[in-house]
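Look at the two complexes coming up: chain A is in both, with chain B in one and chain C in the other.
The block that comes next holds the complex of A and B.
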């Protein structure tokens, strides 16, 4: 069975505002899934719905082929969840928090927790209120991993951290992946960590998943074309899969997905002065999919 | 072992890792029977997904450049390294294939590709002469 999590036709509204519309995707073991979307597009709501923190309005969530009811503890025990702002009692020590958490998880690995605390450079006797945001994040990750999760869900973990701390965090996650098997769902609006480890990309926009593809494929099929015209660029140029456009004087920049020979032929057919085509970084791809066409 | 990858580049990361190991083997920077870093070590060093390194190693093994022994790790294949010349030729041919494939993906015809190659050789030759041997 190569399917860990399956979400089908998931919807959620707050009052009249639909936040998630008909979301569907699957997660397989051992892969890193990037869930990208701008702030406020529903990443956190999606994750909290999957975790049963808030109820869904419609849809089915299955884990290893069985519908999740949230009544039992098994499902939550199988998932390591690191929320956007992990909450710990400030007066407890790092070691105290871990000992406390351990009681709720039958598969809790206290040895691993202790060695991760050391590996992550945390002081076991430090009180939580004295930890920086980065250290608190590490503690949340240690706690999530010690439970031996089959799926690790990270909700925008690196937002608000400085670059060295983010690199550090990335190295920790990579170390964890190397132990094998753990799937990761990494929600973020920052691309720099993700583009080094992501296997599969989901882009969330307007409450829907607008892209659900292996990252290698996305990389090959996403292009930027800069077309130079002899005069102002046409307003209503239509050559198919344009996900973003920008005018710069007599030049027109197009973000294209998916690229194909037909698109290439259309560009040639424009009889522009010249055009150049180049690959897109994850940042460009993300921007193309989430920004309004200009 | 100095391996560099560019996460923002066009080439998939596993292809970059493969190309880097081929390059180091062809240059003789890694010798026959030399141990390669473990998947975990290399992934943590260059900050990529271990799946990416694992895929690169697996494919290099299928191509015969490296051998992996259970429990002992991966090594540069002694057999392959014996004919370093051939391996260098193969490396260069693959480099050329990669370049041609990429250019072709932008819709360029064979004649256009050859023209670009000739221009490139001429241009680099000239800069080479002007710059006293530096590219």
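The block that comes next holds the complex of A and C.
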């Protein structure tokens, strides 16, 4: 099965405010997907819709080729889910919540859970309500990993983790999972952490996916061009796929995607004093896609 | 999954269980210590019942989703690989099981705490709320109701205390409204149908269905609504609650009409010439000569399925009216032109039961019925009289009091109307006075035969007998077969009584088959032929087989046939009827499971076995050229084709 998760024409509104509009993408095993978007762009809503926490207004979600309903549950056995905020029952202990959680997952690995509890420095006897947010996130990660997921969904968890854990989690754990065939869907707005591990990028803006490409391709085809003019830069430039622009005096910075020889030729034809082209970082790409023009 | 969730829910509710046990222990201790005080003895359990179970029900329901609100664990719970309905069911079962456990524990206390059961079983609601209604079952039902309300509301808010108080308030209001609703439904039902309306049944059913309505609304909201949007969630719950509550209350109100009534049972068949009307427990049916089947003409709940046929009309008594009396109706035998002749809502007369009533004249123009005088201070007098009324609904006439010797001051009479007399219109009555204060089994003599002229009100004693009397008038109403005795040991006289003049024509005198054999066992099953000339009966004499006999008024001759070897039947269920063209007698023999057909000379022409499935008591009814057989045990009616001797089941 080359396709693990497929989302088609997914829409969701809160009242009159449309949060997701005709979202569509696929997730394949063994890859790390970065789901990027500014705060409030609908990343959490998309993930909660996939997880059946909230109902969708329209669209189809399929897991391993089978459509899943809002009431459906079986597909969740193959999904590990780490949400943005801690969500466990506060009265249970760390060991208790893991034992409770394990009963829902047929592939639950209690030894791995115990080992990860130790690895993350959690006290098995501690009540969940006494844990810090970071500790609860670690517990969520332990619970998600011990379920033996085919798809791990991470809803921006790293901001709550301390630096060593974050590094450990991003560099070792996710890489290890992906190599083992697990797909990872990692929603975040902290893009520099994603850069090292991501295989594929989704960028959400205005409720739509505005970028759905392999990261290697994006790296090659995303360029920054700084163009110096003899006077104010022109208002309108007909040079193709500008995803972002910034005026700096007589200079104009353009973020371009996808870069091509035709775009290069267009830049040369501008009669600028000079121009420089360089590759973009992931942060620049993200900024270009999600930031309003200035 | 379910077990895992259920155990978690039970653990969550452990503090509430401990609280409930503590309150129950306090109540028990208070009852045992203070129970000697008569006031406190009732007050303590009553207060406990009224407050504890509704409150504990509301608290259990209110806490259903408390941990998800408290710990923000909605996302955790809903993202687990477990179906949403399983989560909901586990929460409901946990709450219900603890509530049921508290019931059982209290019932256990009733068994072991001295005097507690006696006090609790004696606790009743005030009369205005339903006289004599036991408090305990209602409280248990209410606790279920409060639980369901609180359970459904608990998905809306993270404030369980608000849910508890809100549920108690809403529950008490709804119970009050439901009670008024059931009361009004009862009033409406009494105006539109006969029979007792089960108001408390409607109320209790309403409580159960309302509980289910709240739970169904909760489930649908849980399964369908977006829990991240509280306004949508609240709106969805409100919509489902209103919809299901309306359905629950409509079903409760309709339940008395929808519930299956008692099984329809066939009664007697009233035959006059070619007309036959079957009474059952659910209505009246007319026998259609052409199709050979019964067709329903009147649909009614008959507490007293009494009908009379005459002149193409059927007279019948419907069940209770608003004042608990009966209604007298008339209709054509094809079911058309149904008309209410009299009900207790009219005047000071309440239609009542009297053996042999109501009666309809052979021309179908006059009806006679029994009634009781009613007044505001005394709704029922229990003194029955007779009245006549035209079948078009006019001309009500209270008949003159019966002969003082029969129903005079200080005396009662056992009077049975035996038939309608020919010209002039009148009633044939068979009566005997009862001594004041005498019991029903007291020997009552003499037996008198009276003629009551409806036009003049004259009451004429036609015959007086010191012993028992059997009286069967002919269809024309001018002659009757009179079987009488002077005492209970001597011979039995068979004669004809002229119903106009009262003169008797002796036919025969027979000895009893055994010492002390009652008159009605010695000569039984008298039946007049359709032309009113011949009367047949079955004579039992000592040492003889039962002998069929026919007396012809035209020939002035008694013909006795050969004896028939009938298996004696102690329940007198053999019978005799004129069949075919009226020249043949059919003797039914229940034990032999056969019908013996006798020719004009009373010789046995043939024996027709009854259908194989008829193995109990049965009766035959000649209707026109057909013979019908009613099988009470199997609730079946068969029609005999006299040409082929084949039976066809028609009921």
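Here, the second predicted complex is superposed on the first by the 276 of 294 C-alpha atoms of A that agree within 3 Å, B and C clash if a C-alpha of one lies under 4 Å from a C-alpha of the other, contacts with A are read in each partner's own complex, and residues count from 1 in each chain.
In the analysis below, a residue touches a chain if its C-beta (ideal position, glycine included) is under 8 Å from a C-beta of that chain, and two chains touch if they have at least 3 such contacts.
All figures in this text were calculated on a predicted structure; none of them were measured in a lab.
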item	value
Touching partner for A:6 - first (chain B), second (chain C), both, neither	neither
Which superposed partner A:265 touches (first chain B, second chain C, both, neither)	first
Contacts of A:200 with chain B and chain C, given as first, second, both or neither	neither
Partner chain(s) touched by A:105 [first = chain B, second = chain C, both, neither]	second
Contacts of A:43 with chain B and chain C, given as first, second, both or neither	neither
Partner chain in contact with A:224 - chain B first, chain C second, else both or neither	neither
Partner chain(s) touched by A:14 [first = chain B, second = chain C, both, neither]	second
Touched partner set for A:167, first chain B, second chain C, both or neither	first
First, second, both or neither for A:53, with chain B first and chain C second	second
Of chain B, residues touching chain A in the complex	7-10, 12-13, 39-40, 43-44, 47-52, 105-107
List of chain C residues in touch with chain A within their complex	1, 4, 8, 12, 67, 70-76, 78-86, 223-229, 231
Footprint of chain C on chain A - complex, ascending	14-15, 48, 51-55, 70-77, 81, 83, 85-91, 100-101, 103-105, 128-129
Chain A - residues contacting chain B, complex	30-32, 167, 170-171, 174-175, 177-178, 195-199, 216, 219-220, 261, 264-265, 268, 277-279, 281-283
